[in-house]
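Take this structure first; my questions come after.
All chains are identified by letter, namely A, B, C, D and E, in their written order; residue positions are counted from 1 within each chain.
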Amino acid sequence: ATPPTLAQERGGVINVAMIGELASLDPTVATGDLLGTVTQHFFETLFTFDKEWNVTPLLAEKLPEVSADGRVYTITLRKGVTFHDGSAMTAKDVVASLHRWLELAARGKLVQPNLAGLEAVDDHTVRLSLKEPFAPLAALLAFNNSAAIILPAGKMDNPLKEYVGTGPYMLKERKADQYIQLVRFDGYQAREGDPNGFGGARKQYLDEIRFVPVPDANTRVEGAIAGQYDYADLLPVEAYDRLNGQDKTEPLLLKSFGWPMFIMNNKQGMMTKLEMRKAVQAALNADDMLAAAFGKPEFYTVDGALYPEGYPWRTDAGTEAYNLGDPEKAKELVKAAGYDGKQPIRILTSRQYEFHYKMAQVAAEYLKAAGLAIELQVVDWATLVQRRADPALWDIFITHSPFLPDPALIAPLPATYPGWWDNPEKEKLLVALNAELDQNKRVALFTDLQKLLYDQAPLYKVGDFSALSAKSPKLKGYEASPWPYFWNAYLEK
Amino acid sequence: MTRYILQRLLGMLAVMFTVVTIVFIIVRIAPGDPAAVMLGPDATPADIAALRARLGLDQPLVVQYLFFLGQLIKGDLGQSIFLDMPVTRALAERAEPTFFLTLFSILIASAIALPVGILSAYKRGTLFDQAVTTFAMFAASIPSFWLGLVLIQVFAVRLGWFPVAGYGGPDASFLTRLSHLVLPAVALGVVSSALITRFTRASMLDVLNDDYVRTARSKGMGEFRVVMRHAFKNALIPVLTVIGLTAALLVSGAVVTETVFSLPGVGNLVVSAVLRRDYPVIQGALLVIAAIYVLINFGIDMLYILIDPRVRY
Amino acid sequence: MSQSPSPAGGDVLLSVRNLSKRFHTASGPVKAVEDVSFDVGRGRIVGIVGESGSGKTTAGRCILRLVEPSEGEAVFDGVDLFKLPERALRAYRRRMQIIFQDPYSSLNPRMRVGDIIGEAIDTHGLAKGAARQARIADLLTRVGLSPEHARRYPHEFSGGQRQRIGIARALAVEPELIVADEPVSALDVSVQAQVLNLIQELQKELGLTMLFISHDLTVVEYLCDDIVVLYLGRILEQGPSREVYANPRHPYTKALLSTAPIPDPTVRRERVILQGDIPSPLDPPSGCVFRTRCPFAIEACARAVPPHESVSPGHSVACIRQAELATPATQKVTA
Amino acid sequence: MAAVLSAPSPLTATLPEDVVLRAEDLHTHFIVGERAAKSVDGVTLTVRRGETLAVVGESGSGKSVTSLSIMRLLAHPGRIVAGKILYRMRDGTVVDLATLPEKRMRAIRGKEIAMIFQEPMTSLNPLYTVGDQIMEMIRLHEPLSRHEARRRARQMLELVEIPAAEKRLDQYPHEMSGGMRQRVMIALALSCNPALLIADEPTTALDVTIQAQILDLMRRLQRDIGMSILFITHNLGVVAEIAHEVAVMYAGRVVEQAPVEALFARPRHPYTKGLLACIPNPERDRAADGARLMLNPIPGNVPSVLNLPPGCTYAPRCPLVEPHCEGEAPGLVPAGPGHLSRCFRHELL
Amino acid sequence: MAAVSITPAPRLTTLMLQRKTLAIGLAVILAIALFALLAPLIAPYAPNKLSIVNRLKPPSGTYFFGTDEFGRDIFSRTIYAGRLSLTVGAAATVFACVIGITLGLAAGFFRRADAVIARIIDAMMAFPDILLAIALVAALGPSLTTVIVALGIVYAPRLARIVRASTLVIRELPYVEAARALGVPTWRIMTRHVLRNLVSPILVQATFIFAYAMLAEASLSFLGVGVSPEIPTWGTMIASGRQYVGQADWMTIFPGVAIILSVLSLQLVGDGLRDLLDPRLRKDL
């Protein structure tokens, strides 16, 4: 659905209001949607996702050829891809980059133990072999944070000193707390054909893209209304009515964008007790939390399943434990856990995502009603990410995730993720899920996993929510996405 | 005069030294190991031990203090934890908006406060005077962040006269950047004009009762000249002090205002640093801002030389 | 070395010897009082006169140890006050008191008159309860106020009345010596006379000894038995007041007496109008401190501080030319 | 309320040729809230050409307010509420200063009537050189260039016997002593050659020896220049030295005006008499054996201007008081050649 | 010179009521304090009572000031927030007074202490108030108590400076000298003669510090570096209402007005007291 060529204008600069500042610009080492959103413009991966969330090639010529036993991946690279420093991308760069990813990236580390070999077959072919089959590998390689980005072999220090990627835009200047300035990379070789989600052709209409950190959600709204930002990310849904009918901006609703969750500390503290986790599960009222966080019902769905309707992974297994809002039952469980009613349960949350904070506040009231002493720790997102790594510092933290194409990508499932859900039964299911290549069997495995999740309550899924953003009516060619990207977008004069 | 300058200079250095000491103490009263706090929870014990050694935290307090002084003299304020750059650079990069914001606020505040204060003192007891006094007190009661919110709503969102937030992009011209400062400067300026107005009024009242003002009148001089030439110039001396003080206080207002207007200035940096537990940045900002305050005061002391012959002597 | 004469009468209550006081200020040491020696006979009123800044107040405060003297001694009833430790001094505080010039700032505005006087009584544990009240009432009556005034605050009184309260406070501890620092200078003439009368009555009645500081020569002449003339911290002339007034020997004393305005248009005096201003005590002239304004100064005056020479019993002068200049200053001419 | 301004000619007729200034029944009040401080409550006084009128009175008797009323420089709540201040300008016309428009008043201040104040330390602006301050005055009233004004300023400093006048012009007030500043004030006041100089306690803050210098200077200047002086003081000694005529004030009123010798020889008001008796006088106050005699103070205190007694304000303290003194206020009546007294019983004195 | 007199206690109350602004200021701040004190009786709802269905309701008969995003009653919260805001302000002021008076008196009386204290006062004043408070809170760890302590420390030097300056003046006054001449012990001179005469300037200054401390607390809370955001103070209320500006303005307007009213009335009181008690400025009236 490419708009008529005539209307596509080359040139222009857009300001994108993002929700905060980034601690680092290395999407391999760190995770986070914000990081992925920004860096995907200048760092690219071998694969990416299309509109239907299927893995599709990006720097790779085509999808990998997988051996019948599912253990050997042969990846053919595109020819003529150059880095921002002018050098050509070769298999050598890819191998080095993938090694870096396997060592440093949280998602890479999932694969690392399973790795049997990684080598360049020729200048444009890379072969990766596994000890055991691993179904989600291609999806992992397609991800934009904790991402397997391809860097020039000589320029991959940790931390990164230079930001040399292959993307359609390149980093020109970064002023902390002020802006990240990207300019068009003229040596970019787009894929043939039409754009398709993150895949397909990436067109470079805009001269410049500026990501401006605007941590205050309200300022993002006001800035959008005033026309200062061409795109404003993740706005409070309450602003929808205000954005409607403005001449300098328009609301952009992304239905079933993702799901907020309360992650419990399974490693240290009170929440390691199953009864406590079950108590939280029993106490929370998802309706209220969602209503408080997202306002009108059209912005959220009260749903306990890990995938919304329409996804092949959808199942209701275990969800009878969801959205109970039953303080009495919770109290009993709390009592059973031997909790003294005094030891503070620390809920770590951030205001950068205002809905996290609001859900935290509602949850706090429900949990108090269940007899827990709640201590809300409100920090900025960067701090939260830092702190959650230390099991001594928190009991519950709040985060959210988009609906990911493969359950293997769901961040909190592996035991390495802060929360440390480390359960032999789960590990077994997860390994099986990853190793299984048959889709039907995988769905069955996932159903068991979801049921186990509700039994063990390592985390609490709050529901599904829609995301609100705003964009200038002049900004065309933009496709709504959980990680907004601005290649293919252009400004109407 | 040299004596005066020397005296002030020594005084300034003494205060500076105490400021440094206080900052040193503030950082030490933070509970827990400063190195651990500085490095954040991700740090390994080895990292922490290394930093402790680098900062000399394993040394006795006196040695630590001397080390801290030594680093300062070298102009080293440490390394930001979050921003991955030296604190000095982080501060320098953010100096411009804060500097101009402060400057404009002071100009706005003075432009309002001086004439109004003078007139209100001159017409003391009248309705005008009462109105001014009440208004000044009212203005001083408005939280600057609240006023900022109101100004954004009215002038940026509804009327669209000024940008809502930020400090312009990479190629923003100086003028564009300044246009970002108008609303915050007004928000700060109005609030601080209250203080200056009241002070100008009080100072003028003092001076207007002085004998030499009566002498000037007894010469047959017109009122305007009496007030401007004989009263205002004399009243200016304490007023200048307050303007200087306000300039420094504005930095504190800037902390709030910059946050409201998302201005990438020192104030914003401090708030983010607190939220990110970036202690070296907090420490550095405290030091630099206090130093600026001390310098401004010193500058005003030096200005006195121009205005007041008594100190020249 | 200055040789100070004893006052006529012999019984010396206070003997000040070589008192010096230097204040250390930002612009250098101020020589407020330099090498001052004089005696105060029991029951006598000694006047200290001098222009502003001559060190009158400082001398008085030093004697009472309200500022620490730099040098010298003050022998009070046989004991050198300057050598007493703070503790021992407290016993002597009872025996010496001070009255101030400013009737407004010398009374604590937040205290009732009764408490102001009562504090003096309490500090030395002189009376309690009813006896204390009676004593306050008595003191108030004695200074010409009424006992009901004890309940009032200082601001409810006029300047003269306040001065009376100050006097009552000083008298409350039954002192032997009172240093009165310009007690009437701030008062209107009509009230000044009332207070002067009161001081005299009390002095007679209680046998008080007084150091009366003033710059009003007429008042000093009227009230004082002896007079000490200070200039830039030094004594230039001292002696029994009738003697000094009748026969001033120092050019400064002469000038002072000749220029003091007399409320009688028929008196025409030969005036000695001094040129210039008093030099700064930061940097006083060498030798005789008065020489820069003295019409009779010669070179020798700059060389050494002139010694005190006795010119008649109890009357001494610090001027090397006093003998050649001896002429009476005041001549009455009827217009 | 203020008197209606009459045409100049009838005013001229009311003022004898030798009189420069005549205040007639002047009332100046300070109105604070509902209360009026009657600081000047019927002052009548006369300054003759080329003479010095000393106004003497105790603190608060209204001397300064009288002089400020004449200059129309009253501080905020102060207002002339009644009375006339007739002034003969150098060109012979007589004006009523009480009602003169401010603009014309400005031309009179400094040029016709100049004033010096009690506090030499604070009466000069510390931020300008004395030369600037004198030149400012000169150029305000005369069309002189800076250079000419400076020359005149120097001459004025020389006139008041300031040594090294040229250098002093460029000095600031704080670099001078009190006596020197008072000389500068006099130079400033005389720099436009005023016909009348009002001096409000110009020597009170000074030491006796300096006071003598200044009095001497003023006396000589008056003789040489021939201006009239209204000299305010509370010191009867100073009055005796400088005045031709004396007006005695008490509680906002002039109670007696007379030539100086007459007043001291035979005061015709009990207050004046009381004042003179208060001042220690060695001859009078010593018994034959040298023992001190008591002084004769005036009993009681000066009444508050907020609450003046009805009738004669001196009645509560007066030894001659009669019942009717407390009911009716006496007028200022002749009591001898050139002698006026505000007492019903002045003949008894 | 004649205006040295200081009004004694008995007439003070009458005089205070005579001054319109002072009386108004006093009435308003007392009313606010009363509301805060009686919050449980007055507030129609519990301050933290969620009622998601009633979220973001505009002011009405049921919700006088409307509701917030959790359906909590802004009116009740404003009243309860007043408790905390006033407590923080008052406690910080008391704390500042205790430190400030002690330091100021010590500096004014003991030369040797003065050298150090005066220096510290100057240096402390070099830090902008909010910035210093932020740093202190950051160092001590954010909590209600630390905010109070931090603000107390921030404002203590202002008071100390005034107390020190006045002490230096008063200790040279003749009536203190008279007490010394009588042999009155130093500590009694400090309390009876000096401190007692400092009551008015301290009272005036304390009133202003109270006002500033409340503003500062609001700023800290607004920035999210002070009182924890779920504790309702006026500052935290504005902070959370901020994103509803233009949509649910009542969330920011009412707490904002509450701050302005309290600070204004405190300033009116301070100003009025100064007029009343400070003889030097009194002559202007």
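In this section, a contact is a pair of C-beta atoms (placed from the backbone, for glycine too) under 8 Å apart; a residue touches a chain by one contact, two chains touch by 3 or more.
Treat the numbers as computed from the prediction; the structure is a model and nothing was measured.
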Among the remaining chains, which ones contact both subunit C and subunit D? none
Supply the minimal count of touching-chain steps required to go from subunit C to subunit E. 1
Please work out which of A-E and B-E is bridged by more C-beta pairs in contact, and write that pair. B-E
Taking each chain's centre as the mean of its CA atoms, which one is most distant from subunit C? A
Centre distance in Å when subunit A and subunit B are each reduced to the mean of their C-alpha atoms: 42
Taking each chain's centre as the mean position of its Cα atoms, how many Å separate subunit D from subunit E? 51
Just how far, in Å, is the C-alpha centre of subunit D from the one of subunit A? 92
By residue number and range, which residues of subunit E touch two or more other chains? 224, 242, 245-246
Where subunit B touches two or more other chains simultaneously, the residues are 124-125, 152-153, 157, 209, 259, 275, 277
Touching pairs - complete list by chain label: A-B, A-E, B-D, B-E, C-D, C-E
Counting only contacts in the complex, subunit D reaches subunit B at residues 71, 73, 75-76, 106-111, 114-115, 117, 119, 122-127, 129, 136-137, 140-141, 172, 174-175, 185, 188
Of all residues in subunit B, which touch subunit E in the complex? 11, 14-15, 18-19, 21-22, 26-27, 29-31, 124-125, 133-134, 137-138, 140-146, 149, 152-153, 157, 202, 205, 209, 248-253, 255-256, 259, 267, 270-271, 274-275, 277, 279, 282-283, 285-286, 289-291, 293-294
Enumerate the contact residues on subunit B facing subunit D in the complex. 124-125, 209-212, 214-222, 230, 233-234, 307-310, 313
The subunit B residues in contact with subunit A across the complex are 40-42, 82-85, 90, 93-94, 152-153, 156-157, 160, 163-167, 169-170, 259-262, 264, 268-269, 272, 275-277
Note which residues of subunit D are touching subunit C in the complex, please. 58-59, 177-180, 207-213, 215-216, 234-241, 243, 260-261, 264-265, 274-282, 285, 290, 292, 294-299, 301-302
